[in-house]
Amino acid sequence: MMTPEEQNFMRKINAEEKIEPKDWMPDAYRKNVIRQMSQHAHSEVIGMQPEGNWITRAPSLRRKVVLLSKVQDEAGHGLYLYSACETLGISRAEMIEALQKGTAKYASIFNYPTLTWGDVGAIGWLVDGAAIVNQVSLQRTSYGPYARAMIRICKEESFHQRQGYEALLVLAKGSPEQKQIAQDSLNRFYWPALMMFGPHDAESAHSAKSMQWKIKRETNDDLRQKFIDQTVPQIEFLGLEHPDAAIKWNEERGHYDHGDIDWEEFYSVINGNGHCNRQRIEHHVAAHEEGAWVRDAITAYNDKKNANKVKNVA
Amino acid sequence: MMTPEEQNFMRKINAEEKIEPKDWMPDAYRKNVIRQMSQHAHSEVIGMQPEGNWITRAPSLRRKVVLLSKVQDEAGHGLYLYSACETLGISRAEMIEALQKGTAKYASIFNYPTLTWGDVGAIGWLVDGAAIVNQVSLQRTSYGPYARAMIRICKEESFHQRQGYEALLVLAKGSPEQKQIAQDSLNRFYWPALMMFGPHDAESAHSAKSMQWKIKRETNDDLRQKFIDQTVPQIEFLGLEHPDAAIKWNEERGHYDHGDIDWEEFYSVINGNGHCNRQRIEHHVAAHEEGAWVRDAITAYNDKKNANKVKNVA
Amino acid sequence: MSDAIKAATLEYATRLGDDALVLGHRISEWVSYGPFLEEDIAYANVSLDYVGRARMFYTYAAELAADGRTEDDFAYMRSDRDYHNLLLLEMPRGDFAYSQVRQLFADVYYSLVLPELVKSKDERLAAVAAKAIKETKYHVRRSRDWVHRLGEGTEESHKRTQKAVDQLWGYTHEMFDMDDTEQLLADNGIGVDVSKLRDQWHKDVSAILTEATITVPEDSWAVRGGRTGYHTENLGHMLTELQIVHRSHPGCQW
Amino acid sequence: MSDAIKAATLEYATRLGDDALVLGHRISEWVSYGPFLEEDIAYANVSLDYVGRARMFYTYAAELAADGRTEDDFAYMRSDRDYHNLLLLEMPRGDFAYSQVRQLFADVYYSLVLPELVKSKDERLAAVAAKAIKETKYHVRRSRDWVHRLGEGTEESHKRTQKAVDQLWGYTHEMFDMDDTEQLLADNGIGVDVSKLRDQWHKDVSAILTEATITVPEDSWAVRGGRTGYHTENLGHMLTELQIVHRSHPGCQW
């Protein structure tokens, strides 16, 4: 039997009313949203690394500026999501600790290395592209602060996705070497981008409850199909070869049929065999530890200023 | 009145007999030779930095190997000179401390930065070239271990000087950009190389005593003239412009007349306004401090092994 | 514009572009390495301001050169012997105090240079200065606040800040040097006479440092050479990263 | 030599050259950064051995390619997607323990590979192996002695050594992978079947680590990709430094 609070909670959910920070919510709902939001924030922050890897080597001033803006926006998104998540009663310090200890995850796509300038474009186009498909859907998520964060973030990320695509377009229409770089980046990031939507829903541990509570609005496979469908003409326009030899329009379904995803690779990478798993966390930890004295200085300074204020008032 | 030891000491000096570690020597002689030998060792070691700056960027595998060998030899020379200097009753640790504190100097030429690949050739040709002129003279220095070190070092450094010259020759005969690089390196290192021989003897604090004790065998100006004379045809062969507009053969003297050296620059650099003064010492200190745990490990390991030996014997 | 003035203006715009790009690039090295997210964002902001400024100066320089070169040719195809930025700006990232102190020195400098440059008879230089002035007020405030926090914060942050000031002081003197090029431009109301800004800079910086309990160093050493391309060993490595992709694909678009 | 064998041998010689150059270059980064002079000399020695080995492999590869390329084209004009070195070798310099542990793993590997390669039906490969075998005995002894000192030395050196072993272990597994290219060559008595060396390597390394009081990690993770040019983010930065001067002056001699 549902308690009155539970009933009211489910009434809101079913009526597409937002759940706000002060509302009662089941413990499991709170935990689920914390997990999803904090991991979303961690992904934005960790994602700064593979792209940040190319800021100093960006091959034109315009690309340098665009990439700097992108990475800066990602930091901002992380910040915004951490703040929104704090409304659920967890602190940023706790979230950061969970990330660094490995108990909280980040999008496994960022365990892949950025090896060429083309990868920067591929990330903007495919990784941000996949994220946007997911985030557009999440604009209707039941937790209010999360939904509003998604609306805000989607606006900025669309711009970056176009920039990434444009950077790849220039390569694809450039010299033979540049075209090869573009094709290679597409080949390496396409399948991992598809994996960003998560396992087939039958296999996903969290899916059922998430759907019921409208944290998640569409299935992994539906979102993935959207992404696959939108990407086919984009690849054609680039004049590149589609990495999936089995991609084929299915008139009946009204969607593209596609080849099997190598889920072994997905699990292998997420479980520690990716190129950058350790590096992403070590980098985050190192920056955090190196910055400890800075944070301590701020605290000490603020304490001194407040003590002075009190003194001056007294 | 000279004491019997002083008389015997001067007799040896005047008879071109070597002073060996176990011989009596005036305190001031000991200090003078320690200063000169240790600073010579420091110079070899510090000199590894400006050249080491280009190992990772050496533009051909052959040049990479040659430069690695050169820097390695310099380390070896430093080692050899530290060992020879220890025969005078000072430890390597004391010498290193003096270097890092700034009480002991190193050749000020290494306060100059290596800005281009051409500088690597220029250092080999001009800096080693000047060092060789000095070291050939020092092969007849009165302190035995120092003289023998000079003989050994000169052999290796002649090879490196030729390599440096050859590297510059390739540039000078290469593309217009390469030729410009060679000319630029010559322009920046020529005068500082002349300054390596030290101030005009009239102005040199240590010169008189050093000459009397045959630590020093020829005057700064004589050695400098040798170097200037040998360098003119070398520059001609490279097809480069001589940096000294006033260079002119003097039939009467049998030497090249030359323009005035900017001693203000010499003193300015040696007194702290060079590009790399602080960096050279900071680098040395940082490597030393970072290596402390390694040296501690060696000591601890040796102690354990010796303790075991004693145990096994007992 | 006379040939002499044109040549001098081209050199001047290039120098100002080099300054801005080198500093902007150095600052960008902090992204994802900052002590907390807000700083990654703030540093990225400042970096964008300076790189944006560089683009404006280089674009003007390219027009003056009128030899087919673009802003990217200026940034990516010149060797470090041809870069004419101030040495202070190419010094490494160092620790957080080191970067903030260098930033303070540079920001206060530009807070004095730009109000002069905005009066330039050269409309293009004046326009760039006009855009940059707004940012610079923010930059100075930010740097000043940071040096206060770090100077007065903890014993460790104070030590690091004092050390940074002592290590960087000698690189600040050349910021106020004038050579023939800049003298010609100053005489013609085009460029800034930076030699006249030294005292104010010293006054402004000293006030901030002193309030932050940092000792202002003596003027006992000075390293110079940036304006003639006589760099420290830092720039070569920076340009290596900056230029590698562009140089590896000669003539390509990005 | 059949076309297939020739192509495979070219690829193989290139891989072995890439291995040697990448490792030699990494080691060279220690020069003037070592804990004392004798180590600068020793590391330079090892670096020279590996770079020298790279030159021999690349020279042979260039002959097989017969397309006008030289050893320098192989080293300086290929992108990192075309480099086929083992990932272990491109990992950063790290601290002294990290470098020595990586060196141990690599040296023991070559102490097993080279005695097989010296039997190669390909005389050139066999000749390179013959030269390299002598050095490798010295390398293994040196690495082993260092890992002993560091493992057993102090608590700090032990901790750093264990950490290095734990961090690098996952990169060692791909050293024993065989692909079609290497299988074809092994089947024809030209290349080494490295899959057969895994157990001995594990035995040799475990003995050294255990004697050094270091715990041998479980085989719980593995990163692979070197032989197909699927690198870590380290190689790009290394090649940036390595190639910048050469690439900035296309077609020039040095």
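Each chain carries a letter (A, B, C and D) given by its place in the written order, and its residues are counted from 1.
Convention: a residue touches a chain if its C-beta (ideal position, glycine included) is under 8 Å from a C-beta of that chain, and two chains touch if they have at least 3 such contacts.
What you see is a predicted model, and the numbers here were worked out from it, not measured in a lab.
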When A-D is set beside A-C, which has more C-beta pairs in contact? A-C
In whole angstrom, what separates the CA-based centres of chain B and chain C? 36
Return the distance between the CA-based centres of chain C and chain D, expressed in whole Å. 42
Where in chain A do residues touch two or more other chains at once? 57
I need the residues of chain D touching at least two other chains; which ones are they? 79, 240-241, 244
Taking touching chains as linked, do they make an open path (line), a single closed cycle (ring), a hub with spokes (star), an all-linked set (complete), or other? other
For this structure, enumerate the chain pairs that meet the touch criterion. A-C, A-D, B-C, B-D, C-D
Tell me, which parts of chain A touch chain D in their complex? 50, 53, 57, 113-116, 184, 188, 271-276, 278-279
Which positions of chain B touch chain D when the two form their complex? 45, 48-49, 52, 55-65, 68-69, 71-72, 75-76, 78-79, 82, 117, 167, 170, 174-175, 177-178, 283, 287-288, 290-301, 304
In the complex, chain D residues that touch chain B: 21, 25, 28-29, 31-41, 44-45, 47-48, 51-52, 54-55, 58, 71-72, 75-76, 95-96, 148-150, 152-154, 156-157, 160, 241-242, 244-246, 249, 251-254
Okay, in this complex, where on chain D does chain A touch? 79-81, 167, 170, 220-225, 230-233, 236, 240
For chain C, which residues are in contact with chain D within the complex? 79, 237, 240-241, 243-244, 247-248, 250
